[in-house]
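As written, the chain order gives the labels A, B, C and D, with residue 1 at the start of each chain.
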């Protein structure tokens, strides 16, 4: 059973597990690859694959968000990103792609670039551009700017709103500003909201109670993230997802049937990681750096988190541009000619599901796991 | 006692252990090296050493399969490999041996080479060639191609049939093709079948119930395997072997005496690993890369898994050719002039058994183990 | 619950945890950064940040001690350091900063430099110099030299006395010299004493009973420390801090209200580590190497422990000078343009507290922890 | 409590701990360095330090054995080593010191050099040479050669006989030769015998019952050892020592007072490791590679195990010669100018004992331990 460890007299810690600590255990039966479905549906929106893009400018422009949507995933745009700060950020993205530093020079460059104010008029333009492609439109805003930017965003006509910060709680306390009351805010909207990240059962449950359609689990940590070093926060994703899945079950029970989707954001680097995140109970994964390796990536393979450009406390290293592995379609669906799980991400998921005998993602959440580290 | 860990609320994982996590504990007594036997017998076939070759073209040609048989092990040939696709694959093997890339170039080359169709007429020829050398003949076929290729294989007159895929279950579900019913298939044969890989107690037991004479435990993972990254499947071999050994005991009881042999396929790199795999309960080991280091290896030291050439989802890196350690006989029986456990593989096993005081492999399955990682 | 492990028959060991083994878990709520306080108070002395400098000559001179005090921390001076051995150690510090060796040459150089006798008259001069800057004056003396140097130190008029050795106990046994009786010594003083390091509950409690106002937990271990290799002593700081916090609670109860402060000395390298140390129960942290990276550092970025210059048994490697990250103020309060937690140390702490919804350091000691390694 | 882990259904393993997994915990009190004794006594022989040299030709010649004895330790000579195979092995040792390979070339060279037959007449000469220096004379013989070489060894007049193989049991089974009956053999001698290595409680107890004065715990594993890779045997030394100490207590009880000394052979690289080995219950340590780093080392810093020259199954890498750290006296007693625990080995032990408040080695076996890995 789960450990509550006494790390010192009277001070306890829950033991948590990372996706790397676990693996999937095939058993029961096997199934034909072609009999397996990876489909996902959030509210009225249907997706061929359970894939949400991380709203980082490194991977999501209006163009690439549309491309991901057309291939069956959910593209996203950060309304606090470069596309809503600059009329044409193309040159800036090129200059970031050309950076040959992954240290302070790069961080300062990111800070400079993001110091430009957000231009509300650009938000409408970007949203329109994505919608014109015919895909589901999702934009991300931080909790701090939600109240200010919501009118513009809603007027622009998005389908899904993502309210995302490193840590988002249902109850933000401030003696200075009027804080965002998520529950009231969501009640007034008639579009689905995805909110997070969160890292534990209680916060996940409280976020569900705000009326969110989806909850982001995790803080987007990957090899470039430095949240651990800067804030002391490190999220064992297998545990965080499974705990949030327990919150989903309890909330389903308390509401008599409201199913809130869990989107795993962190430590998902390969097709094997996608399978493990879903096997722990996630409904979908949020992909960041893995999508930076496709030809359509706006920053030509460079990678950074939103938090990497924080003006006073950046929390993420800059990943220098690398050559693309292939077009987005190949990254998602293969064929792969790279054996390390970076190509054919959702073909790999599907084959893992087939080897375990499952038909769909919801069933696959029950797959057996082994803990071996 | 064994842990079932709650990795998150309501989601459990079995804790599993790798061969690297454990070691052998000598105790009781010691025994003379010359009083120890490593003999193994499967059905009517006797072997001097409990050694089955991994059916990879990198190590097994008709010639090297015969050589292994003559030295007391069980050579194998993959009927879906190069020797059954090309009249004379020698030049191709040479070109693979000359590859100086272990990334996408190599993977693409493997994919190209294996795109050539299987030629049933070659199967008969290859089998004949091995049989002419007077050794036990074993060939490997994948579950997908078993029904199609079985007639040709059986006509050719093999002694042992190996039905092997990454994961093989006793119940494959398909709405598209007529799936292979292993139990019926084996019942109709009058030669012993080895089937696998499998990774847990239940699948092992079900495979035993199909009538298989041997069950392969593991997915052949080694340093070149990427099953973990691509599929999220990683097999703690010490646990997988011990669990399959429990299935063997239970099946022995339920059948009143049918003993099914366990062949450990994965994480067996050195003579010490062979000793540990047997100490966990295996009857024999399946060796892949360790045999690529002998002078007789058809690809001159290069190494790849069968799955490394998959056309859409390759799962294995290409190991570039390295100079041989010595002739196969020296690799198996020494003398060794290399201290790292790669030479004198079965002399090392025998000495480990002697230091623990055991006489034969079956007794040695009871050796004491320590868990230290 | 906490493990007492039987490492062999009849021999037990307590299981301990390092700061790296744990992380902070945000939950409950979030709070505005500007509503969070990092203030600390020891006896009558108030500090803006819970930061005590390690009394190493590499970071603390009379000038830099004053600078840290002016910025809200507690500067310290080692009365057994270079500033009390040499009239003007500036040239020596420059020569140490210029050393391009981190091995035996550097160790010998440190041994040579510290072979010079302590000059009591310099102690008074250094103390005066710090006091003239208007900050709280704290000096460090080893237990061995406390009786000899105390008169000079007290005459010089310090505010806080730090009695610090690798390991300090409340009961030192000697058949040779009259040992320091800490309890009697402190009773005779009318200034607060900080004593340590210690590593376990019992020693911490006994040090509290000597009347110390603060107890140092840990032996100052960091990447340059070699106490483990030389003495076999390695302190899992999360456990050591939590155990000492239990001693603090028990002593509070037995005295009806005497609160002894815990200063964590070891494994605190980043802002995230500061948050974790306080989350385990520390009241303040002792910073060494992290402060060597500011422009004001007397040895221009070189770093060594006090124990690194021991004449017969040095226990610490010499860290060669590196370029500064920025002025002390930036190291403590940002803005940061380095994502790895080395800059804006206390802004990072404050943000971690805000993300967890806590108002002050005392509250934050109750933050939730996860154990994930 | 100690874990017996079920690694798979019905297959258990004892959990074991390495010296690296544990550390010493100072508590209670501290003590003056000069009040601490590291003395050791085996039978009638007294030693200033609990130090036995590993009987490897790399460190022990008649000259260096005498030097270690004069400094207070126990030198040893391998009667199956080069000094008893060659009239003058000096040139050979020089050629080994000059080897610039640590792979097969080195192993073959060792095999060649040790292929020369043992010359009984040299044994007497070497023993005389050591005895002439006035120190306690100890020689090592393997169990296989004990019956043959014993007459010569005993005639030569040694003080202590060491019967040492990788694994020595009280009951060796052979259908080929008359095996050595240790109990009868020892009963017939009137000099103390040290026997081993062994790795568990039962074997240790049985070795004690043979009448041995000392038992070697461990198989001498260090960074150059490959017993793990070759034989699958890896000894968690903290557990092995503690278990053997339990055997010592039980044997003390069953004999009404016969105290058998434990000599820890493996994973002891630094002064900190010596402290930990004694803290687990050892009476002395057997030092190999650490002594190769003194100026007197016969192979000028090169290092190899006895088993590294095995003609068919070598189990140990060759460590190329490195420059000396200092004279043997400095390695043992300092002063040190190297912070990593390689110099002043027994000064470091003594200081660790002082920081924990213990007076002698026997008391120090009760020191508190923490498990942190």
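Simple rule for what comes next: a contact is a pair of C-beta atoms (placed from the backbone, for glycine too) under 8 Å apart; a residue touches a chain by one contact, two chains touch by 3 or more.
Everything numeric in this text was worked out from a predicted model, so none of it was measured.
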{"item": "Shared chain contacts [subunit A and subunit B, defined touch]", "value": "none"}
{"item": "Copies subunit B and subunit D touch via same or different residues, half shared test", "value": "different"}
{"item": "Farthest-lying chain, centroid of Cα atoms versus that of subunit D", "value": "A"}
{"item": "Geometric centre distance via CA averages, subunit D-subunit B, whole Å", "value": "40"}
{"item": "Centre-of-Cα separation between subunit C and subunit B, whole angstrom", "value": "56"}
{"item": "Two or more partner chains touched - positions in subunit B", "value": "3, 17, 239"}
{"item": "Category of the chain touch graph - line, ring, star, complete, other", "value": "ring"}
{"item": "Complex contacts: residues of subunit C adjacent to subunit D", "value": "3-18, 103-104, 107-108, 111, 166-177, 179, 198-200, 202-203, 226-236, 239, 308, 311-317"}
{"item": "Subunit D to subunit C touching residues, read off their complex", "value": "1-3, 17, 21-32, 34-35, 201, 238-246, 249, 270-276, 279-281, 334-341, 344, 347-348, 351-352, 355, 357, 368-372"}
